[in-house]
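Down below are the structures I want you to see.
Below are two complexes that have chain A in common, paired first with chain B and then with chain C.
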Partner chain A sequence: MTRKRGRGMAAVNYPTGMNLGGDPSQALIHATTTGSFVVTLSSVDLGQGLKTVMAQICAETLGVPTDNVIIDTADTDTGPHCMGTFASRGTHRIGNAIIMAAKEARAVMLEVAAEELEVDAGDLVTDGAGAIHVKGSPQKSISIFNVALAAHFKHGKSISGRGIFLQPRSYPEPETGKMTPATCYAHACTVAEVEVDTETGEVAVLSLKSAYEVGRALNPRMVEQQIIGGAWMGISHALYETTEPYYPDRAHGPVDFNQYLMPGPGDLPEFANVVIERPAADGPFGAKGVGEMTANSPIPAIANAIFDAVGVRVDSLPITPEKVLRGIRALNA
Partner chain B sequence: MEYRKDYFTGTQTQDLTEVGVTRQRSDVLGHVTGKTQYYADRQFAGLLHLKMVRSPHHHARIKSIDVAKALKVPGVVRILTAKDVPQNIYTILCLIQVEPNDEPVLAFDKVRFKGEQIVAVLAESEAAARDAAAKVKIVYEVLPAVFDVEEALKPGAPLVNEYHGRNYFTYEGHHCRRVRYGDVERAFAKADHVVEEMYQSSPIEHAPTETTGCIVVPDQNDRYTCYSNTQALYFTLDNTALILNSPFQKLRLVGGTVGGGFGGKVDVITEPIAFLAAMLTKRPVKYEYSREEEMQVSSPRAAERIYIKDGLMKDGRITARKVTLYVDAGAYSRHSPYGTTKAAAHMPGPYTIPNVWVDCHCVYTNRTPSSAMRGFGVTIGDFALEVQMDKLARLIGMDPMEFRILNAYRDGDMKAHQKQVEGAALVECVQAAADLARWPLCDRSKTASSLKREV
Partner chain C sequence: MTKVPVEFTLNTREQNEFVETGSTLLSALRDRLGLYGTKAGCHQGTCGACTVIIDGEPHLSCLTLAERCQGKDVTTLEGLAPAGALHPLQQAFMDGFAAQCGFCTPGMILAAKCLLDRNPDPTRDEVVDAISGNICRCTGYEPIIAAILTAAQGMRKPARKRA
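After this line comes the complex of A and B, so read on.
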């Protein structure tokens, strides 16, 4: 038995949002009597942390702490339209809708504060900690709690805002395919190191070392969560998963997790990740969609590393031990 | 995770306080303590369970359906067939003008894939629904089936889907989505090397921890609330209203907690029939995929077959790329026509190639319909492109990193779909990954930049 090591790389890009655009999302924001801000959406948080990032985007735009923002979502009776959570679109599309809504709400909040402080709204700044004060005069200040109370009970004003983001739909020219698929792209490059058992054909991924350009990492740990989770899925695509192991033959389809193979925590490699930020002109604080992309570069990087290790090209996914072993035998024949 | 702040310096806003900082995910404590409420954790008195009778054949004509014995199973409340569905034929992207409607909610004249839903049984218990489903008698005339994308496009192949009239989706009069840029044939004739290779993937499952499903509950005021784990509430609401001929305002979707999506919960399969069942019985109805249904009946990622033919010069420049790509849509469109266009838009990858020719075919076969899945239209294309890139680099004895950097797109370059490149960052990702992996690069590659093409 011999275990042979190899390394391979792959570089990819990934479009943000639905291909060709035409996928709107809306957000509504209002202040409560006591200065909390409710963001109403119909978007779905899939567990990737959409609600948390949306609260951060809202807070940054309003100039209030993220803890003061409540995300109310996923009910079509209350939430305005959202196309859905897919196509790496959530952060970009919904984030932009929230920025638009929060700017409108912030303008009303500052108007009310200006009347209370008897100053010009243009001279006011938020301190990010729950108060508004005159630029250069922190002592001339009012809390957002008091602004919200005054807006409701004294001025009869609604501190609220409406937001929508729509990248207008592009229609491909049928003859040439001339089109605008997306307005911004994230990027990645992965180096994979593998060890191939030449007796069994089994492949172990030893390490994945990657660089990701994400526009702006709005919540760094959640970006890392996407990277690790995506890379895990990439390993799984490359080496394990299929519902039809002998495609195009439909026989032998797995029906449960005993038959449907996936790598477990023990199969995870060493990870090293670097993040680069080149803000997107139309991204919320420059952010691009990075969710889907993170599964992609590990797959060809692993395939190329297997070739580097044993000289076998497997050009069909998944790269099972059977295919690797057949390749090794063909080389030695 | 580390940041490389030495790239694109001066382009980032510096004075942000709420974004750019880590905050704990709002749902994480609920998940790790087992307190999160999923749709299936909701309890409703009088809940009915829905089980489907599914096709055992890949392709067959339905001669007759007999539910008499099934109706006699104790606990069975109602059995639904295609006749009960007001607008039985739909397609999910009809609201963004993807046509024609090509899929029945419940099959009636024929079945086009193994596992297709035909009869819905509603019963007081899951066991009763399952027992009754097994007693529905359907007589089939088995038809020849086609499973291979290229076989399906040959003359004389069995016709999978009559609503299309042929085994492919038609893009504005064309049999595929195409991209034409420059002249690949001329460039191949002048190239030092021409390399043509074929790549293939198999369907894969989203494999969510929580299977797809929903519960629909009749409210007191003739409205219906659906608790669903869909990824897109309005896809579900709008398609359901169209299928049921229902006023939109009668329907309400509540969701937002999903035990794994990955694109598998963007289809609209469980909700319309559950809404219909709740409307007809005036009882809460639950339709939840079993693990087997999730794996074999719910849409997988499409299998793709991709032919790439490249013209390559000895100095490493790729001068032409011709891509013929087949998406195995299975029996129905779902999101595959969209994904096929996305695949065409993605070619020739993040590289500047002066001559590009792309044909992307969305092909119907007698297979479980494929649909959305994380990166569809791109993921398998990237596998093919990047293995091809490795082969090309080795062919001319060039380092694969240097080869990527040489061909990577730069700001201002023209893409094959005739859009100028903005915001490129591939070069920097390759450089940073090389640093991380201690992969030596030559000076020319180290100083390259996405901002301009070096002369």
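After this line comes the complex of A and C, so read on.
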């Protein structure tokens, strides 16, 4: 029995969003009587942290504390339209829609504050901590709580805003086939190190080292979280998950977690990740989509590392021990 | 269906229930008592989402008959923060971004609590072993392992001060 080590590399350019009949997302924002801002979306947070990042984007644009923002993703039937949280589009599309809505709401908020303070709205600044004051004289100030109350009960104004981001449908140019299916592209590169057991065909991933160019990491801890989770999914796709390893009938496929295999906490490699920020001109505060590509580059990197270790080129996933052993046997035949 | 009485301790309180024979503890907790902290995942003991603590040991509530809990001491996630203050494990999971969709989190935290109760100073390998029956689809496990080690460190500190 020998264990052979190998190293492989793969890179990915990952598009943000997709191109069906156009790719829009909407956001509506309104202030409550007490100066909280409700962002109404029909975008769904399925654990990736959409609500947190959208609250950050809204708060930053309005100039209020993040705690004052309520993200309401209650109902996809009645909420403003969103294509959905997929294609790594959430941060970019919905973020841009929120910036547009928040700018409109901020303008009304400053108008009301200007009337209350009897100054020009252009002279007002937000402190990001819950107050608005005159530029250069912080003592001439009003709380956002009082601005919201005054808007509702004195001025009859709705502090609200509408936002939409649309990536229009792109048709290919007949001559060249060129088209613009997505917006900005994120980039990643992974180096995988594996150890292949030539007797059993088993592959252990020893390390995954990646660099991710994400535009801007709006929430660095959550970017890191996506990267580690995605790397695990990459290992899982590369080596474990399949619905049909059971010959000959698909009905013999896995029906539960005893048969549908995934790496457990004991199968983790050493991770090292570097995040590079090159803000995208069209991204909210420069952000691109980071979600899905984190599971992409590890897969070919692992396949290349296996080739480097034992000279076996497997071109279908997952790379099971059986495929590795068959490959080794073919080499020795 | 025949119903049988069961008396057990649930999150330090005495609980008297009539449960259907052959029904699971998971069903009693969620369907009868409305304690949704315990998650129903695979219903066959392979995912760990339904983990609860019975007499100090982690158990899969989907494979535990409710009537077999007679006289036992059962702790669910709800029992970890009875007064609203988070348990150090819960705090460490939050601080360490150790949850995404959150479905595995209650089982992970209770499996980790059993480990830390019997071994306050675990190695990384011991943490991995303790949660190896719990499946997570989002985090890649790494933040969970880190959170448990952080919580263990934090929980040991007050003990040293008292000594």
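Annotations for the structure displayed:
The rule is simple: the second predicted complex is superposed on the first by the 316 of 333 C-alpha atoms of A that agree within 3 Å, B and C clash if a C-alpha of one lies under 4 Å from a C-alpha of the other, contacts with A are read in each partner's own complex, and residues count from 1 in each chain.
Just so it is clear, a residue touches a chain if its C-beta (ideal position, glycine included) is under 8 Å from a C-beta of that chain, and two chains touch if they have at least 3 such contacts.
Note that the structure is a prediction, hence the values are computed from the model and not measured.
Legend: residue contacts after superposition of the two complexes on their common chain; A:W232 is shown touching chain C, with no touch to chain B. When both complexes are overlaid on chain A, the residue A:A151 reaches neither chain B nor chain C. Applying the stated contact rule after C-alpha superposition, one finds that A:G47 touches each of chain B and chain C. By the touch criterion defined above, A:A303 reaches chain B but does not reach chain C. With both structures placed on the common chain, the touch criterion links A:A131 to neither chain B nor chain C. In the superposed pair of complexes, A:D256 makes contact with chain B and with chain C alike. Once chain A of one complex is fitted onto chain A of the other, the partner contacts of A:L117 are absent, as it touches neither chain B nor chain C. Contacts of A:R221 after superposition: both chain B and chain C are touched. By the touch criterion defined above, A:C184 reaches chain B but does not reach chain C.
Within chain A, the residues touched by chain B in the first complex and by chain C in the second are 46-47, 49, 221-222, 224-225, 230, 233, 256-257, 262. Note for the complex: chain B touches chain A at residues 1-4, 7-8, 11-13, 16-27, 31, 58, 96, 114, 147-148, 171-174, 177-181, 197-205, 207, 230-235, 237, 251-263, 266, 291-292, 295-296, 300, 303, 328, 338, 341-342, 344-346, 349-350, 358, 365, 367-368, 372, 374-375, 377-380, 382-387, 389-391, 400-401, 404, 408, 416-419, 422-426, 428-437, 439, 450.
Within the complex formed with chain C, the residues of chain A that make contact are 46-49, 221-222, 224-225, 228-233, 256-258, 262, 264-266, 268, 271.
Residue ranges of chain A in contact with chain B, taken from their complex: 7-15, 19-20, 22, 42, 44-47, 49, 51-53, 55-57, 59-60, 65-66, 71, 73-77, 79, 81-86, 128, 169, 172, 174-182, 184-185, 187-191, 209-213, 216-225, 227, 230, 233, 237, 241-245, 247-250, 253-257, 260, 262, 272-281, 285-286, 291-293, 295-297, 299-301, 303-304, 307, 313, 315-318.
Touching chain A in their complex are the following residues of chain C: 42, 44, 46-47, 97, 99-102, 127-129, 131-132, 135-145.
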